Structures are given as structure tokens and as C-alpha cells.
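Multiple structures are listed underneath, in C-alpha cells.
Next come two complexes built around chain A: one with chain B, the other with chain C.
Presenting the complex of A and B:
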């Protein structure tokens, strides 16, 4: 049996949950039954939404101590659920929340955890899992070791939520858990946003984005000139914002904004997975990079291998001609 | 405060991947190495906490003899001493084996706070720190952007997705995984490099009987999900051709 761990906040399932269900269906290949577990203080509507999709039995696990996510609370609860249901695989969306608790859960159960999975080779118990390594420069095919359960987290965007095969409404069961709230060591406060996001890059039609290849803060102006000539917003990968060369609200990627413009031009961006998840939905992607093996070229429609300090001024000249 | 920082030695960013003959690992003889970037931020944060609250910073690393390069660098930047779990097999170990071997070496030290980067730039499991917290029996939090130490507890700012954050309090001892960009890195001074030569690196043997949690069946160059049209020529030629295609083919200009 494959158990999918759904992720919800304030009663809303995220898209990554549906993508993980799509991955579970690929892993099952109609050969392994599937269940979906949802955790929270009061999970009724979420369980019903999942049951209506008819992807497999829905397991509702409710407890006051699960009202707000904590790694200790979720680890205790999921361990009980897994021990009671004895799945072969446990699939989770590779979100920041999963990253926070899944390694503890695996370590406590002495189970294997394969993270950031982008593809499944074969199906059922003999399946192996594709995941990026070395910042996406290499693709690894990985096999879990030891005994079941095998935990697997599915990268955001690796499977498509709209490919989930739905069936007739499934039943809802429950697994009760006994959690000692006093044993939860982390005391979380409500989430907040740092500053009002002045720029909503998700609405931009064109984006020119800069990465480490821009080399210095002074050189940002070169990219800004090109953005103006294209009628584009300027954005950046994480290291540029970490250095303070552009404000944090212009960051694209898993910790920044997710965008899907008509045109995305990546200047000197190598294309680590944390960046790709934020922009691979763009309709047309242009990559300009001196390294022909940079992972950004894997998602690009048009690529130029070369020195951006020569190519960008030439592009500006060309754009200003018309 | 007694602070541990776990660091990993990883291939440099400029490294061009080459595989071994069996395509199960990289060709290590071609590689030049550096400190994993998020770990460098964890080290910097530890040094700043020591400056504010006193105590010592102990750098911990698991790997072959070669990892002394990054241990020395950490000592040169200001760490007080080091623990090195030394074994050739640790060069390609998974997060589980690395965490178990570090836990065995670190348990007796009874650190107040353990910091490490949120993930490594080589295998990138993003698991080692969290497993280490479990084995050390301490609470943890991940992807941290700010640390405030209070009496016997800490308050940390955890990054959530899409520009959201959250403050979380927990008792000490604790383990935190640090996000890149939490601070501005310092570099080693000549004085620091000289002082590092006299600092202690305690070598610890790899505990026996550790079983990996996963096996790399094969490594390969990634396949392209899109048919990328590569545009060649001099800079003016490539620029002209790209603009033409963006206007006429893609119709996005």
C-alpha cells in the first residue's frame, strides 16, 4: 500500500499534495492500493475534498495538538499512523514543512527517506527514484535500503496535479493518535510577511533575471538596461538577493516568488532546482550562460553559451533598433 | 555557550561533472573542493553568537582526510577547535550515515547549540541536520534566517515558502539548519590562518555497523525536458538572431 501525506493549511490543500497523489499513481501503476492521510485539529472538509476525488481511502487523523504544524507533533502523529497502516511507501510533497519533519520521522522509524524526487523508474516495491544531485548538474537514480516503510518526497512541479486520475468517492476512516502536548518542544508563532511586497512579479509579462554570473552589484545596471529595453521587470536568483544587490522581494524561486511570464530571460543563472521551481512555468525561457552544461539550459527554449557582458549590450542595441 | 557547527566539503561551483567508470559516483581525482555554502553561513552565525554571548565554537566534519582543508578554513575564520570523523567511506556517504557518525562523535560534548547548513551542494538530501537532532535527542528547526538567544531558550525566524516567515521558540540544547544569506560572511585573515595551525583537530573513528539508508544505482547527465534551440555566432550575431526569434517565432516581444 502507498500512503500519501496530504498537506493543508487553514483547511486548504496545496497543489503539491495533488502532485504527490499523481506521483503515487505512477508508482502504483494500478497495482498497489493507495491511501491519503490528512492531519489537523479538525480535518473534516479536507478529508471530504480528498475522498470526493476518489484516489483511495482517506485517513483522517485529528488532534488538538495538530492545529498548528510542529515537527514534534507531526512526527509523533505520523509515526502512529504509519505503524498502524503499515504502508510499503509513504509519499510526501517536498515542501519546507516536509523538509522540517520527514528526516526525524525516518530516523525514528529507522526507515529510508529519499528526498526531492523528480521521477519514478519502474513501479511497485522494485521502483527506483530519480533525484537531482550536485546542484542539478547530475541526475541520480536511487534505491531505498532496508525494510519498509520507504519514505519518498516528491519535488514541486515534478508531477502535474491535473493528471490525477479520479474515481468514485472514497471512504473516510480515522486513525486516532495520542499526543502529549507538553512533549512538543517547538512553540510556533503565526506566519508573517516581512514587508508588503511592493512588486508582484507574478503579474509581469516579461522578466529579466540575474544570477551569480553578473559578478558584482555595479553590473546589475547592465541587466536593468536590458529589462527597460524589453519592457521587463528585473528579478534575481537567491544569491543576488542574499548579497543585497537586489531587494529580497525580487527573488524568484522556492523561497521567493513563483512566476509564469510570457518571457523569462535568465542571465548568468546556473539553474539550481530551488530557482527552477519558481520559473519553469514561463512560456518562453531564454538562458544566457558561459557554462554550456549549466542546468538552466535543460528548461530553456533558447540558449546562448557565452559571455553575458558581450551578449547583453548587443541585445540592448538590437532591441533599440526597432 | 558551547556551539557546534557541522560543515561539509563539497565540489566547487565551477566543477564540471565527470563520472567514475561504473557511473555510480563522481571521478574524485578531478575535483577541487570548498566549504558547502550554507555551512559557511552556519559557521558565521556561530561566530557571531560567540561574540555576543561568549563560549566556544567547535567545527565538526565527517569525511576523508581531504576535508581537513575546510576544517582548517573554519578554524582560520575563528572556530576554536575541531572534531573530524575520518574515513574514506564518508566521502560519498548518505545523510543517515553522516548523521549517525557525527552523533557518535558529538554526543559526549553536550553542545548547547548545533548549527549546520540547510542542505549540501553535493548530494543535497537536506536531511543530515534533522537526523542529527533526533540522534542527539534535541529539538530542531530548519531553514533559519535569524537567531535570538534568551535565558535557556532560543527564538528563531524560520523561512516558509513564498516570502513568509515564522518565529519559533524552543528550549536549549537545540539544533538549527541555517539558510544562506542569514548574515554577511567574513573571510579568514592572515592572523587567523596562522592561529589555525595551532588549533586542535580531534580525530574520531567511524563507528562500526552503519548501514546506508539509500543506494545510488547510477548517476548521469540530466536529460533536457525541452528542445533547447542553441543560438551560436558572435555576440552581435547571436543577439540579432535571438531578438528575431523572440519576435517572429515565440512572439513575446
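Presenting the complex of A and C:
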């Protein structure tokens, strides 16, 4: 059996959860049964949403101590759930939250943990999991050893949320866990710093990204116009954020964010490998650059060799017509 | 501000071959002699043992054998024994093999190793002895009371790029010790500070450095037998540029390819990284690498000046070992065994001095006596003039090296070397700010298969730093734009192997030095080679730096 750990906050499931469900369906190949576990203090609506999508039996695990995420609380609860359900595989979205608790959970259970998985070869018990090594230079196929359960976290963007096969409504069971609230060593504070329109580019479907070719801070507006016309987020390569022309949180690449949008438009970005590792998972890459030898064209699906200051306004004009 | 303090008997700064050998020797003496146990701590700036360790590397196992006689049973990662040596002189299109291998370059009985893996293994041996090994902590300052070393202060964490404390701020820790052993590597930031504050280098010659660049390649099968060691001289260097290349064939089709250039070349627009690229384009080398894949990259300076450039290595409460002291045999192209040997002797000296209740310089002089009676002096003294002789050019150097081998080092007067950057030539007046926009004087084509730009290469060094921290390269930019730029054309842009230094243009066209500090691979070349000494390398927040897995 495959157990997917859903991630919700304030009653909302994130996209990474659906991507992980898509991965679990690939692993199952209609052969292994699937369950989805959701944790929280009161998660009725989330369980309903999952059950309505018919992706397998939903296991609702509710406890006061799970109202806010804490690594100790989630580790204790998931350990109980896993021990009572005895799944072969436990799939988790490779989010910040998973990265925080999954190593502890695996160590406590003496279970293997395969992180940041980008693909699954085969299905069922004989499947191998691809994960990047050497900063994405190599993809290693790994197979868990030892006894089940095997914990696997799925890279964000590796599977597509819109490919989840939905079935007829599934049942909801609840598994109760007793958690010793006193044993939770972390005391969560109210969330901070996310108030001011913090951007999570990893969730964006379309991104317009600018590089050195934009030449000056004033010209960023040209790219912003295009982003607005496309309903895209604006992002940048490192030099732009180094110059302070855009905030650091909009930086894509090895020292910034890793994204996998449906559409990535690179304006005046040469495509240094440090940038490519952050966006090469995009489904469609469009590059506009003056230099025909720029490495960005090696990964682009569509490339225009030319002056972005002529091309972008023309594109915006067409986009606004549409 | 409340600083944590930690008090130990022996503090070792730097967890490389020297520091770890010192720690292990201390643990061994402790268990042999019993008594009140000494507390020993090692601090290391890398995130994990070996992450910043880079070398060719061919290991002479002599010191290892003494330190860990059963190193094989303990699983030392020394799989590849050298079975063939070749030395070539390269011309632009072909090669001439030396008919006999010069004795210093004979590697029978030595091993091709990954220094990264070797250091990781050494660290396991040390930790198994219960010694505290603090990785991710950079020693920032020497703590002194008058002329006595009392310990070090580690760097603060959680400071933003404007120097303001972030919510995660943690002040550095003061670690005090009866004896501090400085093993902070080539051009170590603390050893540099010691040489400035104490008269340790008086009467010694200036240290002479080189920069080594290395790539690890996976090559197709049957190209070259594992255990083959090759060295080259000549192309692409001119006769007034000191250096050469190495190619070491390891098991599993891994090839270690590297290039070493003396940091005393005269042309300020010469780029060592481009010289490495040109070397790889030589038909002899490209035929080995073609259809292969570069998997790792790194760069590091090395101290090549030899015996006469080694400072006094003992002081009140302090010792210096390994590359930090300059213990490297440039003629044999080896230093790991000397680092281990001096580390081992420093550990012994610290142990004896503490047990004798006297850790003054007079007591710690026993370290120098041990070095003088050891294979370290026996190996380094006879070749003390060789590197300096290369100051007269390749042919003078080679001829002198031959004489030194024949006479076991006898020579009526010692040759004098100068600090390498003093040999940089001025550019024609008025051209400096123009040439920096041009390619390097030895530029070649970059195809990103065989040859790489620095930015691509540095990706394969795996280097990463906390982004929001002050620059760890302290540069007096005034000198840079008004003097160094016009005279030399910003040579930092050329000699840095990691694209840390860039000349950006303001909107009015005036050049501005942009420091991409997070690219830094901690090679120390800028601290050494900048002609006005206006670049100071200080450690970035602990755990930052390259990740030399398998290098």
C-alpha cells in the first residue's frame, strides 16, 4: 500500500500535495492500493476535498496538538499512523515542511528515506527512484533497501498536479493518535514575514525572467509589462538581484529558487549553468537573447535571437490584442 | 555582548591532513601515557571534513604508515597504486617524453588518492578517539595576551550584508587553549595574522606561491590504465611562466587533470584558468578527455618557496604546521605527507610541553628540533634553492634542479626569491581600463565540453555561501580603481579562478569592482597575487565554501 502525506494549511491543500498524489499513482500503476493521510486539528473540509477527488482512501488524523505544524508533533503522529497502516511506501511532497521533519521520522522508524525524487521507473515494490546528485549533474536511480516502510519525497514540479486521475468518491476513515503535548519541544509562534505579498515562485504557472541583457533598472518595467500581459510572475537571474533591481526572493537558480512553471520566458539571460539548474524543469522555455551562442538556447524550446527591446513590446502588443 | 567560551588544552585550527594528524597523535600519546586526559578540539570552516580539501593528489604514505600502521585494515581510501610515471615536455602540437624520470618525480610505492576522501577518512579516525571536531566553524581572530597565543575566536553567524545582526545572530565563541596549533592551510588567515604581529618571518625569504586548478573527469573506458601518473612542462606556458600539469588515472575511469602556475608570472592580463583550458586543448590531452565528462572543479593556492621560506613555527602557546607553514616539496609536487608529518610532530610537541607544564616558545622549540631531526628537513633542505632558481626561467630552473639532485643540495650561496606579485609588469600607460573589457591575453575558445568559462566551472566546485552576509573579501576599492586598474588592468579579474571579481560599468561608463563573494572557492590567490596587497581574505560564515566531493 502507498500512503501519501497531504500538506495543508488553514484548510488549503498545496499544489505539491496533488503532484505527490500524481507520483503515487505512477508508482501504483493501478496495482497497489493508495491512501492519503491528512493531519491537523480539524481537517474535515480537506478530507472531503481529497475524498471527492477519489484518489484513494482518505485517512483523517485529527488532534489538538496538530493545529500548527511542529516537527515533534508531526513526527509522533505520522509514526503512529504509519505503524498502524503498515504501508510499503510513504510519499511526501518535498516541501520545506517535509524537509524539516522527514529525516527525524525516518531515523526514528529506522526507515529508508529517498529525498527530492524527480521520477519513478517501474512500479510497485520493484520501482527505482531517480534523484539528482551533484547539483543536478547526475540523476541516480536508487532502490530502497531493508524493510518497509520506505519514505520518498517528491521534488516540486517533478509531477504535474493536473495529471492526477480522479475517481469516484472515496471513503474517509479516521485514525486517532494520542500525542503527549508535553513532549512537543517546539512552541510555534504566529507566522511572520509572510504578510507582505511574499512570492512563492515555485507555485507560479508562468514566469517572465530577466537577466543582464535588460541593461538598467528602468528597463525592468518592460519585462513587468509583459508579465502583466501574460499573467505571469516576474523573476530574474542573479546579477539583477545582486544589483538590487529586483528583490532576492525573485532570484532563480542555484542560489535562489528552483521553479518548474508551465511557461518560462527568459529575457536577456545568457543561461549560466547556475541559472539553468533553477529552471530547466519548466515545461516550455522561451528565450530571447542577442547572442546566438548563449547557452540558454541549448535548453529553450523556442528561441529568438534578437534585441529584446524590439521584440518584447511587439509581443506585448499581440498579447494585449488576444 | 555575551560570548560563549570554551577552554581546552590543545586547540587545532583546521581539519586538514596536518590538523587531523596532530589530533590523532595527541590521542595516541594520551592512551600510551595515561594520566589526566588532555582535552583536544579541532575547528574546521568547512561544513564537513574534507569539503575544502583539494590536491592532485599523489600520496607518499611514509607519514601515514607511522601515524596509522594498520591503515589498510582501517579502510584508508588509497585504492590506486602508482604503476607508471611519465614526464613530457609539450610543444604546441606535440610532446617529447623525458627519457628518464627525474628521481623526485618517481612515484613507485605511492598512491593516487582523492584528498577529500582521505581527509574524510582521517576525520573518522580522529572522531573515533573521542576528539571534538567542530565543522562549520571558521577561526576568525587570534586571541593573544602580549606575545602569547591564548586561543582563537570563531566567526559570528547571522550577520547581514550591511553588517547588521539578523534574528539568527549568534556571536562567535572564544576557544582558549594552552597550545594552539595553526593548520589553517596555504595562506591561512590566522597564520597570516601571526606573521604580521610576531617576528616569525624575520630573516626568512618571502613565501612563493602557485595556483593549482583541477578538474575531475569521467572518461570512456580503455583510454589510460589506472595508476598512471603523467606530468608535463612547456606548452601553454612561456619560459618566464613557471608551472606544468598533472594527469592522474584513478580506478572507475576517473581522471584527475590539473594545472599549476607559479603566482609570479609577469603579464598582468595572463589568466591561469585560460592556461588550463589551453592545456586541455593540446591534442595529447584532448585525446584523453574527448567524449568524457567534467564532473568536478576546484582551485587552490600552494606554497612552493620551500625550506628557506618557512617561518619560525613555534611561539608562546602556538605552533604552525602543514601548508600554513609552507611545508611542501615543490620539486616532488607533494605536501600531504609533510603536512601529516609536521602535524604529528606538532601534536607530540604540544603533548610534551603541556606535560612539562611549560608551553612557552622556549619549551615549544622542541617542535623545530623534531622537524630538524626528521625526514621533513632531510627532504626539504637539499632542494631549498630549486624553486627560486626557476625565477631565472624554465631552463635555468631545470638545470639547477638537476644540479641540486646530483649534489644533494650543495650550493655556495642560497638563492633569493621575491614575492611573486612584484614581478607583474605595468601595462602601457593609459591602457589599463581598456584591456579589462577585452579577453585575457592568453584567451582561447570555450566550448563548454572540453573548455569552460569560469562561471560554469565554479558551478562544479559546488561552492555555496549564506548569501546575506558581509563580503568576506575586504578590498580597498580606492586603490583598485585609481592605481591598480590603470597600471595593471585589474588583474584580479584574471587570476581569480572562480569569477569572484568582475568589473561592472556604472551607467556613465566608469568601472566599478563587483565582488561576487559567494562564488569564492577559498583558494586564497587574490590575497596573494593582488599587486598592492589591498585584498584581504577573511573567512565567510562557517560552513560556506566549496564542496570538493571526490576531489
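As a convention for this text, the second predicted complex is superposed on the first by the 195 of 322 C-alpha atoms of A that agree within 3 Å, B and C clash if a C-alpha of one lies under 4 Å from a C-alpha of the other, contacts with A are read in each partner's own complex, and residues count from 1 in each chain.
What we mean here is this: a contact is a pair of C-beta atoms (placed from the backbone, for glycine too) under 8 Å apart; a residue touches a chain by one contact, two chains touch by 3 or more.
Since the structure is predicted, the reported quantities are computational estimates derived from the model, not experimental observations.
With both structures placed on the common chain, the touch criterion links A:6 to neither chain B nor chain C.
Touch criterion not met for A:21: it reaches neither chain B nor chain C. When the two structures are aligned on the shared chain, A:216 is found in touch with chain C, with no touch to chain B. In the superposition on chain A, contact of A:295 is made with both chain B and chain C.
In the superposition on chain A, contact of A:304 is made with chain B only, not with chain C.
Shared-chain residue A:242: touches chain B and chain C both.
For chain A, the partner that touches more of its residues is B, with chain B and chain C as the two candidates. In the superposition on chain A, A:254 makes contact with both chain B and chain C.
In the superposition on chain A, A:104 contacts chain B only, with no contact to chain C. Counting contacts as defined above, chain A residues 134-135, 137-138, 242, 248, 254-255, 295 meet chain B in one complex and chain C in the other. Residues of chain A touching chain C in their complex: 134-135, 137-138, 216, 242, 248, 254-255, 272-274, 277, 295.
Contact residues on chain C toward chain A in their complex (touch as defined above): 295-296, 448, 455-456, 459-460, 462, 464, 467-468, 507, 514, 516, 518, 549. Within the complex formed with chain B, the chain A residues making contact are 71-72, 95-96, 99-104, 106-108, 111-116, 128, 132-146, 185-194, 197, 206, 212, 230, 238-239, 241-243, 248-249, 254-258, 262-263, 270, 283-287, 291, 293, 295, 297-307, 310-311, 313-315, 317-319. By the touch rule above, chain B contacts chain A in their complex via residues 11, 13, 15-17, 19, 26, 95-96, 99, 118, 121-128, 130-131, 133-135, 139-143, 159-171, 179-181, 211-226, 228-231, 235-236, 238-240, 242-243, 245-246, 250, 252-253.
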